[in-house]
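These notes concern the structure reproduced below.
When the chains are written out, they are named A, B and C in that same order, and each has its own residue count from 1.
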Amino acid sequence: MTDKILKKEEIEKFYLDLSRYFNFFAPTKENGNIVFKKITDPCEIIFDFLNSKVPPKEIVFPRMETLFTYKINGKEIEIEPVNNLNEKYLIFGIRPCDAYSFNLLENFFASGKFQDDIFIEKRKNTILIGMGCNTPRQTCFCTSLDHGGHPHRMDDVDIFLTDLGDKYLMRSISKMGKAIIDKLAWLSDAQRKDVAKAVELSKKAEELIKTKVDLENIAETLKPHFDHPLWKEISENCLGCGTCAFLCPTCTCFDVIDENDHYNNRGKRIRLWDTCQFCIYTTHASGHNPRKSKIERCRNRILHKFSYYPKNYGMLGCVGCGRCIQSCPVNNDLRVIIHKIKNLEKEKIEVKIIAT
Amino acid sequence: MQLSAYIPCLTTIKSIISENEANDIKTFELVFRKEEDQENFDYNPGQFAEISVIGKGECPIGIASSPTEKGSIKFTIKKMGTVTTAMHMAEVGDAIGVRGPLGNGWPIEELKGKNIIVIGGGFAFSTLRSLVEFIIHDDNRADYKEIIVIYGNRNCSEILYQEDLMRWKKREDVDVALTIDCAEKGWDGRVGFVAPIVESVDPSPKNSIAIMCGPPIMIKTTEAVLEKLHFQPGQILESLENRMKCGIGKCGRCNIGDKFVCVDGPVFSKAELNKMPREY
Amino acid sequence: MVILMGNIQEENKNIEHSMKEVAYNLLKNKEVDLIIGYAKGTIPLSSSPSFIINQKDVDNLIWDNLCHVNLARYVVPPITKIIDNENIPLKVGIVSKGCVGRSLIHLAKENQVNLENIKIIGISCNGIINRKRIEKELGEKEIIELSVMNSEIIAKGVDFVKTFFFDDYLNESCKKCKIKAPPMVSSQSNVIVGGSVESSSGEDDFSDLTEHESKTPEEKWQTIVELLSPCTRCYACREACPMCYCNLCFVDQNKPIWFGKTTDMSDIVSFHLVRAMHVAGRCVACGSCSSACPMGIDLTFITRKLEKIVKQRFDFTSGLSFDILPPMMTQKMNDKEDFMIGEH
């Protein structure tokens, strides 16, 4: 298999060829934020970006998604399943951490007795064209994750791109990726020096990740500490705003509501992103709430990612993208929280304040 | 394959029975509009379904009928939130969505050859009714040993399924002990809270399983009594409720530690619950 | 207008120093059990609200132009109590810039906090940096260090240094702020530290609204829609706002459902406008909502207009006095009612 070269001036051609078959999503700028959007003009693509504000999971698991539509006609009700599941998606420029999150999402939605066929169908129709990070952020810690997280990890995408400056080194990873590259006959072959440069960039990027988070056996470490005062400490300054969850590439919780169009006697059942950080999330109709204060809610978030997820699915529920760290309004830094967890045995936590 | 795990099957309300004087608990008998849906709805006692009032939303409700009662399914619903209130406004003939059966249900296989003590309180008796109806059915009765039903309510107007209870009482192979909190004129049953009644009935823990459903305070006090009567945690089964949306382990909110009430439960043994955090 | 009293960094250092001293003494003299203040953040452009109970930890307190969270948030619902391990309520000292102090006074008026149990450690704020704007303008360049020097904000990255003029890159609400330090309220012995500046007594300056006000209704609507379009409906604005303490927010109520929860533009706009109406005459323009917004929406753009309306119609500024009833808590015969249908 030969690696190919995609020159930056050829992006337009690349876009035109592929957008015939796919809804072409790429990083673009909207209101000052980088977002993955369906683009209609290759000029919209932003090539130099750190990562998007909202993870590209929103393409396959949108913040608002129709589960089915209905028509009400007196006592007659007609239910229509969603019919857009055959749409093909292509995500250009997805970062390795986010691409890995697609694995986690897929694994979660497909696991257990019931499959989320809406997600699975969408995921099946999605092609990932990953792009290595040459300049990871200060808050990135993908290399600390046990799945082999790396700013140039290629395993989770169909095609992997390395930014060599004026061009991309393009490598097909999956069968589908190979089929696409084969179709683009105009792509030139990569030279040995291009490949060497990509290797060098990959190494350099790894070195740039200074944040090391010790996640070894974290699930085991957490196990006996459900009632530890630690949870009081880490939830102390939490606002319960849920920003961490809304920007997390692995968070999947949702609310389900019926949205009616009363004028036309129809409506749709939709799901909306939700978060365990909200009080109302677990409140029973009776008013009883099993996770009544932010202490329990913060604990649930951490345990879900680092204890329940490994136990139920054999992988950590975190990809090390650092979005929660960057965006937390009170700077409740996940890295610090993990450090505290790992040092529970060594440093005694004495909690004197309980804010509930 | 079903097109989406989130799409309910349509049913028609065949009958509505008001279960109490306050008229805030009703039993709805539903018939599937499509025969194949009826066949696919293969359930065990103790399972639940997501009931949809289309346009209002969905909520999880325990199945009150027994799989032995063919042709329709029943749900006993207390008027509480948005969907249950909409349900109470529904009339015979209205379309209701049903998604299920969901959850694990009572372990009817494991219960075979055992004495069964069914302990219920208040309106949380529906899946217990399902279980008792299932066990006493001619096809199944021989599989199970002694059956004791202890059912408590605040007063006699709150007692659900009165006809069924009368029918069970008449049978020789079921012991039924009904109790109300305070004595009332014309009441010939027991008087007192469920826990002390269980103590006075004094069921033997030998080869027995206690199955409980009821308000938290009843569960707490009865657990203590059962312990006193030497029931092991593995011999006590409870059905939990947590807020749910999807019912299929995806929406996230009903988790208790690493377990989801909707798929790993709602039935858990006391032994399992002892290992789980108290997030319910 | 920010009046530069010499070097801002110097000024901050002085405030920080005297604040620490006051905090230390309050803890030492057992006047409070707990200080809620700001600690240094782990990343540039951040600060972290911090709960300090031991005198020795007072040194962790900081004061700079990135202390953006309104700390009054920590003493109103859903945070219903701050207690110790024995369940005994703690007496709290709150590091209060002007807007935090105003929030506390206003919340006391609304019977949400008891100022008997709260010590307002007033400090004179010289403005909060608009971190979202700086982040957006730098685009995809990561800031590694941010500092304030003289009248400039200096952002350093791996391969760049960029400076911003301090006065221009403050939160919009800070630019026009006249109440730098918490107002003195009669019933409370506030502790003011760090060179208390008298609130300038001049007229409120709403000139920043002139441009928007000159637009047609259609254009105004367009501006609001554009402003709010990135909203993901995470409600971080609501959770960060000390005035948003409702047990169940109107948007979460479902019996009946008043407002749509979708990310359709109409639902997004109605949520934000109704929330703004709910904080009208209560908002202290602290900018917490904007700085909490992960998408960087400047929500104070909406509340600012309401601030002006309340000032003009009711001559009221929230959180200034313990004696005047807020307009939404009272009714006077001469209240202007020209917003009502039929009057023009």
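In this section, contacts are C-beta pairs under 8 Å (C-beta built on N, C-alpha and C of every residue); 3 or more make two chains touch, one makes a residue touch a chain.
Note that this is a predicted model, so its numbers are computed, not measured.
Contact topology of the protein chains: fully connected, every pair of chains touching. Set against one another, B-C and A-B show the most C-beta pairs in contact at A-B.
Remark: the per-chain Cα centre closest to the mean position of all protein Cα atoms belongs to A.
Averaging C-alpha coordinates per chain places the centre of chain A 31 Å away from that of chain C.
Separation between the centroids of chain B and chain C, computed from CA atoms only, is 50 Å.
Note on chain placement: the centre of chain A and the centre of chain B lie 39 Å apart, centres being C-alpha means. Residue positions of chain C touching 2 or more other chains, listed in rising order: 257. Contacts with at least two other chains are made by residues 255, 257 of chain A. The set of chain B residues touching two or more other chains comprises 81.
Listing the residues of chain B that touch chain A in their complex gives 1-8, 10, 52, 54-59, 80-81, 84, 93-95, 97, 241-243, 245-246, 248-253, 255-258, 263, 277-280.
On the side of chain A, the complex with chain C involves touching residues 29-34, 46, 48-50, 53-54, 63-64, 135, 137-139, 236-237, 239-243, 245-247, 255, 257, 259, 270, 272-273, 275, 278-280, 294, 325-327, 329-333, 335-336, 351-356. Interface of chain C with chain A (complex): residues 34, 41-43, 46-51, 53, 68-69, 73-74, 78-85, 90, 135-137, 139-140, 142, 144, 158, 226, 229-230, 232-236, 239-240, 248, 252, 257, 260-264, 288, 291-292, 294-297.
Partner chain B is touched in their complex by these residues of chain A: 67-68, 70, 72, 75-77, 79, 81-82, 108-109, 112-118, 226, 252-258, 260, 267, 269, 271, 274, 276, 281-286, 290-291, 296, 300, 303-304, 307-308, 311-312. Residue ranges on chain C touching chain B, taken from their complex, read 254-255, 257.
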